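Note that the chains are named A, B, C and D in the order they appear, and that numbering of residues resets to 1 at the start of each chain.
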Amino acid sequence: MSGSQAAGSTEQGAASAEAAEKEFEPKIVAFLCNWCSYAGADLAGVSRLQYPPNIRIIRVMCSGRISPMLVLRALKDGADGVLVSGCHPGDCHYLKGNLYTRRNLQLLRSMLEYYGIEADRFQMSWVSASEGGKFADVVKTAVEKVRKLGPNNKFKVIDSADGGE
Amino acid sequence: MSDEKIREEAKKALRERGLKCVIGWSADGTPFFAETEEDADKLSFNEHCANNLVTYLTQEVRSQRGKTRDGKDKIVKPVGIVVRGCDSKALRLLLNENILSRSEVFIIGVPCTGVVDKRAGDVLYRKCVKCAMRNPVVYDVLASDQVPEDEKDYSEVEAIENMSPEERWTFWEEIFADCIRCHACKRSCPVCYCDECLLDPTDVAIRPDTTADEKAHRPRWVERSVNVRENLVYHLARMPHLAGRCVDCGECERVCPQRLPLRLLTAKLEKDVKKIFNYEAACEDGQKPLIAMSKMEDENEFIM
Amino acid sequence: MSKSILRKEKVADALNALGHASIVYIPIKNKRGLVEYRELGKEASVADIKLDCKPDVPPKAIMFPQTQVLFAFKRVGGKIKLAPTVPDEREKIIFGVRPCDTIAISVMDKVFMGGKFVDSYYKVRREKVAVFTIACDGPADANCFCPSTGGSPVGTEGSDVMLYDVGDSYYVEGISDRGKKLLEGMSANLERPSPDQEKKRDEIIRKAASAEGFAKRIAPESITKLDSSFDSKYWDDVARKCLSCGACTYYCPTCHCFDINDEKGGKRVRTWDSCQFSNFTMHTSSHNPRTAKAQRLRNRYYHKFKYSKDSTGRYLCVGCGRCIALCPAGLDITKVISEVR
Amino acid sequence: MSDENHYIPHVAEITGIMQETTGERAVKTFKVAFKDKSAEIKFKPGQTCMVSVFGKGESMFAISQSPTRGSLEFSVQRVGRVTEMLHELEVGDEVGIRGPYGNGFPVEQWKGKNIYFIAGGIGMAPVRAVMNYVVDNKNDYGELHLIYGARTSRDLSFKAEIDALEQGGAIDVRRTIDVEEPGWTLLDNKNPEQSKFDPSSRKFTGFVATTVSAMKCSPDNALAVICGPPIMIKTSIGSLAKLGWKDEQIYTTLENKMKCGIGKCGRCNIGGVYVCVDGPVFTYAQVKKMLNDQ
């Protein structure tokens, strides 16, 4: 059920239903690497740090696993934004996975911009296992940026009556 | 003049090197496979010879590979090819990526001053108006003298970069609405050599031992439906796969039956790769792939 | 007034008159120089209309869209609910079709509405379509070969209204009852033909009958020869050049192969498919009756010139020459059929 | 009738599942009943239906039960996208069915004949339908034989049902397996004619074609129905031909990838023949002609 993103995440977010209706609540898919960023998110939780509930976390073994396809698939299937987070350069559990991804995704970001799609729909961060506070901040920033952009309409397609073009 | 040289070299190589065939163009500009010395007399190069033949080269070499009954590698007869400057760069990339080995190919280079678009009434292809790769970069023999080259021209890409995001989106949305995903761009691309393409739901490699599980859970990255969204993802996802590999030969744009300006994508990609990573596809023999050259000190600014 | 004159400067008015009751599709030149059919008023303006050439894209998609949702499905309380799509039942006029494409429509009618089963999705769309054909004055471009496939530059089959370009006007002739009725609706823009115009129109027909000027041709004996050239080595030679893209099939006015898939969001979708794709016939078990490019290519040519002729009595090729113009590898169907032995 | 929308399936509920075999390529038989009774179909043995698993797609399957038994059944091997999902369904789950398609076996023409049913692997599915039909109308037909082969004894489907038929004396059954197992009489695949054939033995190790040769199936007033993997069909036909069978006496079913089932989508053709509407049942005489046009 792609394209239903606008309605999604209200129940967990805003205080009153009325406010939720007014304000767009983005849905963000976050790919976190197992060794740093996921642990960082865990720490944020254990430390009871507050951050917006708009993200849906998918744990991957290494940010190097994130191919541009996964980012595009998330956007195509209704996410308003995508966040990829891994270890700081030099700290990758697999030595260079995050460096590979950085090159790959930087080009994707640049292409997104070239197509006229807001580049901020796709964001990247380095968060280590000890940076619970940074993780909360990253999520806050990411959500605010996407909130400003509004719903992800460019990947949406409306079929005509019998689907023919 | 170059025709004679091409024919002569092709004949010589067919005779002396035991080539399977020489891939070239016939006088009408269509691809031609010369298997005998007699055939070789039909080889030609003129302004109508627009195909990038490197795609065929991979096909001809690969079709010979495999194992014999007693488990030995089959003998691969070398294949000859006639290449222009842009083609030769694509060929060099394949050599760098070990898709072909240098001993499997015999290369006749033809410096080129541009080829014409039959559909548009025999005017030069846009890629040929200003071209920075007129002379072959990898070859065994050259069929004519080298010609002067131009600076790479990115003005069309820059024009789009200078648009507002909304203008850019409108521009591309209109283009992608017209794509019919016939896959001609992908099938003709000399560096798209995978057996199975994840962007093409019609192209799945199934072997007799592929399990039901594998087939059932194979992701469909792009649906078969043809609409702006699927087309957008198709053309977006193609780019990272071509990063540091696409030599901007323009074959995709040439074959597109809808005349989509696909080189605006590949040229932009090339420009970015150059600007951000100071890397140029196939600029030297034995070059490592772009991603493998990732460095600690790569740009980090866009990362939080 | 079944025979009349429509001045070229009045075409826009006439189309507007038709547009009241129907959607009008008309060839326009798009930004990239491609002539294709678009909905007048919505996607195309009068200024872009281009009637003096064979459009680069056939009108096939108006009756047989590239992507068509067959129905939607949903799980409600554990039970499957199906929701058939609402058919597009708007009246449509395709204006400015060339005779090859018009014949193609009647060939497609046979495919989708003939035989044991009728394809209801095609039928609903097709029955709402009226075709205004502009006769060609000889070959429309260098790739035309309609006389070789039983067509003619002035063929009226499948047309509701025929138009002949007689200089500053079109000579208009109602063919079907429906066409005649539509002409009544635009009678305000029509005039009586002058003897001179009658003569010009007859001249066009006479010229067409001689099938002069066609550079491309398939001799009837070449087609009969297909019976014995199935195992020819020539197919391998042709296949060597083929890139297995779908350009020829997608632009063919009579290619009708399709795929059906369940897609995200609970839709069963029918999309165009191409017999040139390697997985077109592949079984789940990986067995593939047409593994080699040569087999797939041969199947296409045989389907067009033999199988279809044997079973329905007519070729599945109308000689529009688009596959020749568009083939990235420069394959030429007339050459292939003529040269195979 | 002609304006009917053939692409929309009728929803049916799975009312019974039989696990026929297990393993990577397991076979299950699904019994289904239409939710809307008016959607019920009349079919002939050998006809096929498109079965949908909504969200995954649809595939063409032979109906594996005789119309005389009052239920609609499909026996499905787990090989791909749709079948994998089918195998995960349970009783009470819903699928889509449209059909029946294809010509079916010409059972009316067969009256009075001796029939050899020859099946290999999942090819038993259509054979089961026509065999049960013939058994249920036993008085119309002559002697009945079944030669049914699989890779191992565990891969033989419909065990209880075939055992019951055999014990009831309705049909003479010979089972064959490819891999030797204790208790199964060994046949010589290389020299099938020389194999010693013990008429009292019901279980053989050897190819189906070998068994056909060893049994010396008689072509007199007889016909054969062969279904199975292409290589098994080919070799079995070879064996029959050596025994003096004519091409017209041999019936087989073909399969090809199908999408529409109604002769439109253009992928199941062999030459000018569409397997979905003109088949899937052909005599070997017809097949021979078509295979030239593959």
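Miscellaneous remarks
To be clear about the criterion, a residue touches a chain if its C-beta (ideal position, glycine included) is under 8 Å from a C-beta of that chain, and two chains touch if they have at least 3 such contacts.
None of these values were measured; they are calculated from a predicted model.
Centroid distances built from C-alpha atoms place A farthest away from chain D.
Here C-D and B-D were compared by C-beta pairs in contact; the pair with more is C-D. With centres defined as mean CA coordinates, chain D is found 41 Å away from chain C. Our note on geometry: chain B versus chain D, Cα centroid distance of 48 Å, whole angstroms. The geometric centre of chain B is 32 Å away from that of chain C, both derived from CA atoms.
The centroid of the Cα atoms in chain A and the matching centroid in chain C are 46 Å apart. Within chain A, contacts with two or more other chains are made by residues 159, 165.
Residue positions of chain B touching 2 or more other chains: 215, 226-227. For chain C, the set of residues touching two or more other chains reads 66-67, 70, 121, 259, 261, 264, 266, 269, 273, 280, 282, 284-285.
Listed in rising order, the residues of chain B touching chain A in the complex are 160-161, 163, 165-173, 198, 219, 221, 226-230, 232-233, 236-237, 239-240, 243, 265, 268-269, 272-273, 276-277, 290-291, 294-296, 298-300, 302-304. Residues of chain B that touch chain C in their complex: 28-31, 33, 51, 55-56, 59, 119-120, 174, 178, 180, 182-184, 186-188, 201-204, 206-208, 210, 215, 223-227, 254-255, 257-261. On the chain A side of its complex with chain B, the touching residues are 67-69, 72-73, 76, 89-90, 96, 99-100, 102-104, 106-118, 123-126, 138, 141-142, 154-157, 159, 165. Considering their complex, residues 30-34, 66-67, 237, 240-241, 243-247, 249-251, 259, 261, 263-264, 269, 271-274, 277-280, 282, 284-286, 325-326, 328-331 of chain C touch chain B. Those residues of chain D that touch chain B in the shared complex are 24-25, 56, 78-81, 83-85.
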